[in-house]
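Both complexes below contain chain A, partnered by chain B and then by chain C.
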Partner chain A sequence: MKISRTILSFISAIVILFSTSVTSFAKVVGDKIVLGAAISLTGKYSSNGVHTQNGYNMAVDRINSMGGVKVGGKTYKFEIIYYDDESNPKRAAQLAERLISQDGVEFMLGPYSSGLTKAIAPVTEKYGVPMVEANGASRSLFTKGYKYLFAVLAPANLYLDVAIDLAVEKNNGKPVTVAMAFEQDAFSQDVRLGVLDAIKRTGSKKVIDDKLPKELNDMAATLVKVKQMKPDVLVVSGHTKGALTAIRQIAEMKVDVPMLAMTHCDAAKLSKQHGKNSQYALCASQWHKTLTYKDNFFKDGMTYAADFEKEFGYDPPYQSAESSAALLVFKDAFERANSFDQKKVRDALAATNMQTFYGNIKFAEGGQNVDKPMVLFQVMCDGSGKCENKVVAPTKWASAKLIHPIPKWSER
Partner chain B sequence: MDFMVFQYPMITVQACLDGLLLGILFALIAYGMALQWGVMNIINIAQGDLVILGGYIAYFMYLYGIHPAWGVIVSPIIMYFIGVGIYKLVINKVVDRDLFISILATFGISILFMQLMNFAFGADVVLANSGYGTTMLFDNNVTLPNSKIFSAVISIVFAICLVIYMKKSKLGRAIRATAQNARAAKILGVDTEKVYAATFGINAALCGVAGALISITFTIHPYMGLPYTIRSFMIVIVAGLGNLPGVAMSGMGLGVFEEFADYILGTEFRIGAVFLLLVLILVYRRFKLSRKREYLK
Partner chain C sequence: MGKNILLYSAILIFGLVAPFVFPAFKVQLSILCVLIVLATTWNIQGGEMGYNTFGNILFYGLGMYLCASVQVGMFFPLAEWTESGGEKTFVHTPAQFFQGMAVGLVVAAVVPTIVAGLIGYAILGLRGHYFAICTLGLGVAAGEISGGIEIIGAGQGFTTPPFPEVGGLEARGEFFYFLSFGALILTFVAVRAIYSTRFRLILNAIRDNEDKAEAMGIETMKYKIIGWMVSAFFCGLAGGIMGGLVGYIDSTDVAFDGREMGVFMVLMAILGGKGTLWGPVIGATVFHIFKEGFWTFFLGWQYVALGVLIVVIVIYFPEGIMGWLREKYPEKFGEVIDEKDRKAQVELK
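This part shows the complex of A and B:
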C-alpha cells in the first residue's frame, strides 16, 4: 500500500513536470504568444526595471483586452516570462540563454539599461531571436551590425545635442562655450559624443570636459571650475545621482550658468526632491505625456499617463512609456508578417513604420528608431513652489517658452 | 592633468576648505572603525553600509516632515541597537578567530545590507534637504554650503563627547582595558562579551551620525557604502589604532588630498587616487617594518 502510493506520487510528479515543461516549451502555445524578458527587479537598476516591467504589463493587458494579435486568421494573446537579472550583465546574458534554449522563447523584449542590452544582444543574435528593446540607447548597440535588435527609442547621442543647438540659437546663432560633466558609463559617454558632435557642428568651444565616477556624490570641483570659466551651457549626464548632485550643489554653491541641461531628470524626480532649486533645469527626455502622438490602444500621452497612474499609482516616466511601445511594435510586426517564423517577423519588424502614443517608430539599418526626436523639457515653478516639467523644444511640441538665460542666484 | 587649482588662489582655498570639512566627516567614520578594530581586532568591511543605513534613517525622518538634522540624534540610537544585534548574531562568533574570518564575515554582512537596503528602500538615489543655505567668503569667490559646516561641527562634537566618555565612564575604561589586554581584563572582572557588544554598537552609532550627515550634505544610495569603508580603512592604517588625534589629522589630510586629486586628475580618479595612496602607504609601511626587523636581527 505504502509502496504503491510512493510510486503513484512519483509518477504524478513526473507527469506534472512533463506537463509544465511542455506548456513552457514553445513560443506559441494554444492562443498565447510567449515573449521572454530579463529585467532588473533587484539590484541597482531595480526602480527603472520595475518601470520597464509595468510598461510591458500595461501594454500586454491592453492589447489582450482589445482583441489580441491576429495571425493567420486566429487570435493570440501576449504572455511574458520574466526573470530577474539582478542588474548584472552576466546574469542577464545567462537568463537570455535560458529563456531561449530552455524555455523555448522565440521572441524577446529588452532589459533595462544599455549595459544589460549589450550583454543580451549577442545571445539573441546568435539564436536569431528578434528582440524589441525599449531601454538601451547606447550608440554602440546600433553599430555592431545586429540584425535582430530593434530599439523603439532614440539613440543616446541625440539626448543633449538639441540643447547645444538651442543655446546657439539663443546666442543669435553665434557659437557658445560649453562645460561638460559626464559619467563614465556606456550611456553617458554616448551622450557626450553627441554633444561633442553638436559643438563641432556649431563651431562652439568646450571649456570643461570632466568625467564623473560611478560612485559620484560630490561634484564641487567641476562646479568651482564652472564658476571660474563662466560657460554659456553646462551639460551633465550621470544618471539619477548626477542630476540630483548637480542641482543640490549648484544651488548650494550659487553657480550661475545661463543654461543647464541634463539627463535622467524625471527618474530623479528633480522638482520633488529639490523643489524650487531645480527650476530652469533643461532635461532630455524620450517622451513626455503632453506630446500629441496617437494610437488605437492608448489613444495619446495624456490618456496613457492617466491610465498608468490608475493602475500603478504614479505618473509614468518615459521608461514605462517606451516599454509599452515595444509591445505595440511586436503586435504590429506579427500581424504584418502573418506568421511566427522568426525570419519573417524580423523582416516585418525591420519594415515597421507606425505611430504610437510614444512617438513615430521606424527602424534604421542598425535597429535604432530614427523617426522620433528627443524632447527637452524645462522645470518651471509657480509662485507657490509647485513645479512642473514643460516641453520647450523642439518647437513643434513645445507647451511653454524656454526661459533663458537662467536668472542669477542673487536675483532669485 | 589640470593644474587650474594652483593658478587661481581662490580655487586653492576652496579646495582646502572643502577637503577639510569633508575630512572631518571621514575621520568620524574612521574613528569608529579604529575603536572596534583596536578592541576586537575586527576589520569591518560593512562600515560603509552602516553609514548608508544611518543615512536612510535621516532620510525617512525627512520624508515624514521631520528636519533631517534630528537624524544625528535619532539615527545613532537606532544604529546602536542594530550594531549590538549584528554583534550578537554574527560578530561574537568570529571575534576570537583570525582576521581573515572576520573580514569574510563582515564582507558578507556588507553584501546582505546592500541587498536589504536595496530591497527595502529601492535603488533610487536620495537625499535629505536641510535648507541651510550657503556661506560666502572672499567676495563670493569661495562658497561653503552650511550643511557641510554643520556636518563638520557635529562630527567634532560627537568625537569630543566620545573621547570624554572613553576617559571618564566605567564602560569607557572597560573598553580601553579590553583593548589593551582582553585576557587580563577578563581576569579582573570585565565582562568582555558586553564590552565587545557595546563597542560594536558605538561604532554603528558613529556610522549612524555620519550617515545622517551624509544624507544632508551629499546623496545616499544602497550601493554607495564601499568608498566609505575604504576611506576609513585607509585613515586608520595611516593613523594607527588608538590614536585619535592621528585619525583626525589623517582624515582631514585625506579629505584635502581627495579634493586636490579631483581638481588635478579629474573627478573620475578621485576614489582611484585614494586606492593608490593606500597601496603606497602599505608598501611604505612594509618597507619601514622590514628595515626595523633587520635592525633587530
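This part shows the complex of A and C:
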C-alpha cells in the first residue's frame, strides 16, 4: 500500500495548517472590550438577525462616541466579533465555542431567537462567560438554572396572553373562542403556552390549535378552518415569515375575525409591506417608540427611532431596540463591577436595576427581565392609506383606542 | 504492511495528542470525527453498494434523540424535563451523567440498527432514483414527526443534560472529543474489517449488476439490509455523541438535519472518492477544513465559496480525490501497468 505515504503527508499538512491558524486574542485588547456574537446573517432568521446586529452596532457606536466604558480609571471602547450562525442551533453552539476558546472572548451577546440562545447557553454557562441576550424569550431558558444568562426582554409566554384578556374584556367578561396557529419552534411554542394559560384562566375555549412548519409560507388550511369555525380571536405566531404569511393570506381569502393577534409585526414591517391589508392587526411587542422610558445615551424612544432611521433607513423594530439595550446593560455592569473579572461582572449584571430608553431592566433569579411589561399595538391606517403602529394596551402607555371588532372585509 | 502500521500509529498518536496540542480546536476536531463516521458509513451504501441514500440522517437523528432521552429518562421524569414551562431544575450528578450517556449511546446505536432492518426490508427493493427519493422522504418525515412529539420537546427542542462539574473547564471538550474519536476508530476498524471480507465483493456485485448478482445465487436483499444496518449502527452512535456535544436538539435543524448533515455526508464521500476506504476520510477532512476556513475568511459568502468548491470538484475531480490520485499514480495503488501489453494494444489500433 503505497498510498499510505500520500495520506501521511496529507495528515502532516493538516497538522501544519492547524498549528499556523491558532490565533488567540484576549477579551480586553488595549483599550477595547471585545464582545462575541453569533448572529443569523443567512437562513430563516436572517431579517431579524440583521435587526439584532443593527441594534448592537448602533449602541456600540453611540457608547464609544459618548466616552466609552470607564473601568478602573481607564476608558475602554466596545468591539464586537460577529459570526454567521445560519439560523442553525448546531452552528450557533459551535460558534460560541469558537468565540470563547479560539477568539478568547470573555463576554457574549446573544443571538437571534430562542432556539439559538438555547443552543449557546450551555456553552457560555460551562465556561462561565456572562451573556446578555436580547432575543431569546423562551421560558425554558430561565428554568434550567443558568447563572451567566441575562435576558433584557420579557419571557415569551407573556407575549399574547394580554390579547386574550383584552378579548374577554371586550366580550363583557364572558369567555371567548380562540383559534391558534403557531410555528413549530421554541419561541412560538412558548407563546402558545402563554395563550393556553390565558385561555384556562378566563375559561375560554380553543377551537383550533394548529402547528405550522418552519420556513412558513402557507397557512391556508388553518384559515379555511377559521372561516368555518368563526372564532372570536385568531392568534398567529411564527416570526417574521409567519406574520407576513398570515396577513397576505387573510387578505387574499377575506377571512373575517373580530380580533387578530400576532407577533413580529414590526420586524416584518407589516404596515409598510402590506399597508391597508394589515390594518387592525394586534401585535405583541417588547417595545414601542412612543413609550416614555429614558436614558442618557439614546434619550428616549422617539429619538432612538429617528437616529436609527437615519442610520439604517427603516423604523426600528423592537428586536433592534432590545439589542441596543443589551449593550447599555453591559456598560452599566462593567462600570459597577469596575473590573473585567467574569465572576464580578456576572454579579454586577445580576444586580442590574436601571432604566433605558427601551424599558426598566432588573433580572430575576433565572435571568429574565421582570421589570418591563409587554405592550400591544394595533396597525391603524388613515384615509390616505398610510399605516402606523399605535399602542393600545396596557392603558398606561396607550396612545390610541383599540378598534374592536375588526370590520368585515365586505365593509372595508 | 510495515508502512500501514506506521500510518495508523501516526494517526492514532495525532488523534490522542491533538486535543492537548490544539486545545482551541477540540470542538472542530470532534465534529470532524463525527463527519468522518457519517461519510464512511454513507460510503457503504453510496459507494460500495451503489445505493444513493439520503436516509442515513434518519438514524443519526434517531440516535441523537434516543441518547438524550435515555440519559434524562433514566433518572428524572422525561416529560417534566422537556416541558418548557416546568419550573423544576434537574441536575445530573457526574455518575448519573456518565452512566446515562453510556446506556444512551448503546441504545442510540442499537435501536436505529433495528429500524434500519425494518425499513430496509420495506424499501430496499427500490432501485436507483426511486430509492434515493424514498430515503429523502424518510429524513423529512422524521423531522416533521419528531417536531410534534411532546415528550421529546416537540417544536421547543430538547436541551440535553449539561456537563457535570467535574474536571476543569476543558473537561467537557476533552470528554466529547475522545468519545467521538473513539467512535471514529471503532467505525474505521469495523468498516475496514468488513471490507476485507467477501461482503464487500457482494456489495460491489450489487452495485455493478444486481440482477446478475442475484442470478449467481447471492441473496442481494439480505446483504443490502445488513449493509444498511451496519451504517445505521454507527450513524446512531455518531448522532448520540453529537447531541451531547451540541447541547440542544432541534427536530429539523439539529437532529434530522437533512439539508445540511444529510447532504454533507454525501458530498464528503464523493469529494474524497466513493467506493474507497480512505476516500470518505480524506473527503470529510478536506471538506471540514474548507468549510471552517470559509466561515472565517468569507463571512457571508461561505456558501458561495462552498458552491464553487463543489463545482470545481465535479468538473476536475469527478471521481473524488482518491479517484484522481489513482488515475494519476496508478502504480501507488498497486496497479501494475504492463508496458508490453499497452504497446501491443496501441499497435493493434
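Please note the rule applied: the second predicted complex is superposed on the first by the 386 of 412 C-alpha atoms of A that agree within 3 Å, B and C clash if a C-alpha of one lies under 4 Å from a C-alpha of the other, contacts with A are read in each partner's own complex, and residues count from 1 in each chain.
Quick note on the criterion: contacts are C-beta pairs under 8 Å (C-beta built on N, C-alpha and C of every residue); 3 or more make two chains touch, one makes a residue touch a chain.
Values in this document were obtained by computation on a predicted structure and should not be read as measured data.
Participant: Between chain B and chain C, whom does A:Val224 touch in the aligned arrangement: first, second, both, or neither?
Facilitator: first
Participant: Give one of first, second, both or neither to describe whether A:Gln355 is in contact with chain B, with chain C, with both, or with none.
Facilitator: Touch status of A:Gln355: no partner.
Participant: Looking at A:Ala186, would you say it contacts chain B, chain C, both, or neither? Reply first, second, both or neither.
Facilitator: After superposition on chain A, A:Ala186 lies in contact with chain C alone.
Participant: Could you look at A:Asn157 and tell me whether it touches chain B, chain C, both or neither (first, second, both, neither)?
Facilitator: second
Participant: For A:Thr42 in the superposed arrangement: first (chain B), second (chain C), both or neither?
Facilitator: Both chain B and chain C are touched by A:Thr42.
Participant: Please determine whether it is chain B or chain C that touches the greater number of chain A residues.
Facilitator: Of chain B and chain C, the partner in contact with more residues of chain A is C.
Participant: What is the contact status of A:Glu125 with respect to chain B (first) and chain C (second): first, second, both, or neither?
Facilitator: After superposition on chain A, A:Glu125 lies in contact with chain C alone.
Participant: Looking at the overlay, does A:Gly145 come into contact with chain B only (first), chain C only (second), both, or neither?
Facilitator: In the superposition, A:Gly145 contacts chain C only.
Participant: Give one of first, second, both or neither to describe whether A:Pro213 is in contact with chain B, with chain C, with both, or with none.
Facilitator: Both chain B and chain C are touched by A:Pro213.
Participant: On chain A, what residues does chain B touch that chain C touches as well?
Facilitator: 42, 87, 184, 211, 213
Participant: Under the touch definition given earlier, write down the residues of chain A that touch chain C in their complex.
Facilitator: Going through chain A, the ones touching chain C are 1-8, 10-11, 14-15, 17-19, 22, 24, 41-42, 82-84, 87-90, 93-94, 97-98, 101-102, 115, 118-119, 122-123, 125-128, 138-140, 143-145, 157, 182-186, 188-190, 193, 211, 213-214.
Participant: In the complex of these two chains, what residues of chain A are touching chain B?
Facilitator: Result: residues 42-48, 87, 181, 184, 210-213, 215-222, 224-225, 228, 239-241, 244-245, 248-249, 252-254, 267-268, 273-275 of chain A touch chain B.
Participant: In their complex, what parts of chain C are in touch with chain A?
Facilitator: Against chain A, the touching part of chain C is residues 1, 3-4, 6-7, 10-11, 14, 21-28, 31, 83-89, 91, 144, 147-148, 154-157, 159-160, 162-163, 169, 172-173, 242, 245-248, 250-254, 257, 260, 278, 282, 285, 289, 295, 299-300, 302-303, 325, 329, 331-334.
Participant: List the residues on chain B that touch chain A in their complex, please.
Facilitator: Against chain A, chain B makes touches at 4, 8, 11, 14-15, 18, 22, 115, 118-119, 122-127, 129, 134, 136, 140, 143, 145, 147, 214, 218-224, 226-227, 259, 262-263, 266-271.
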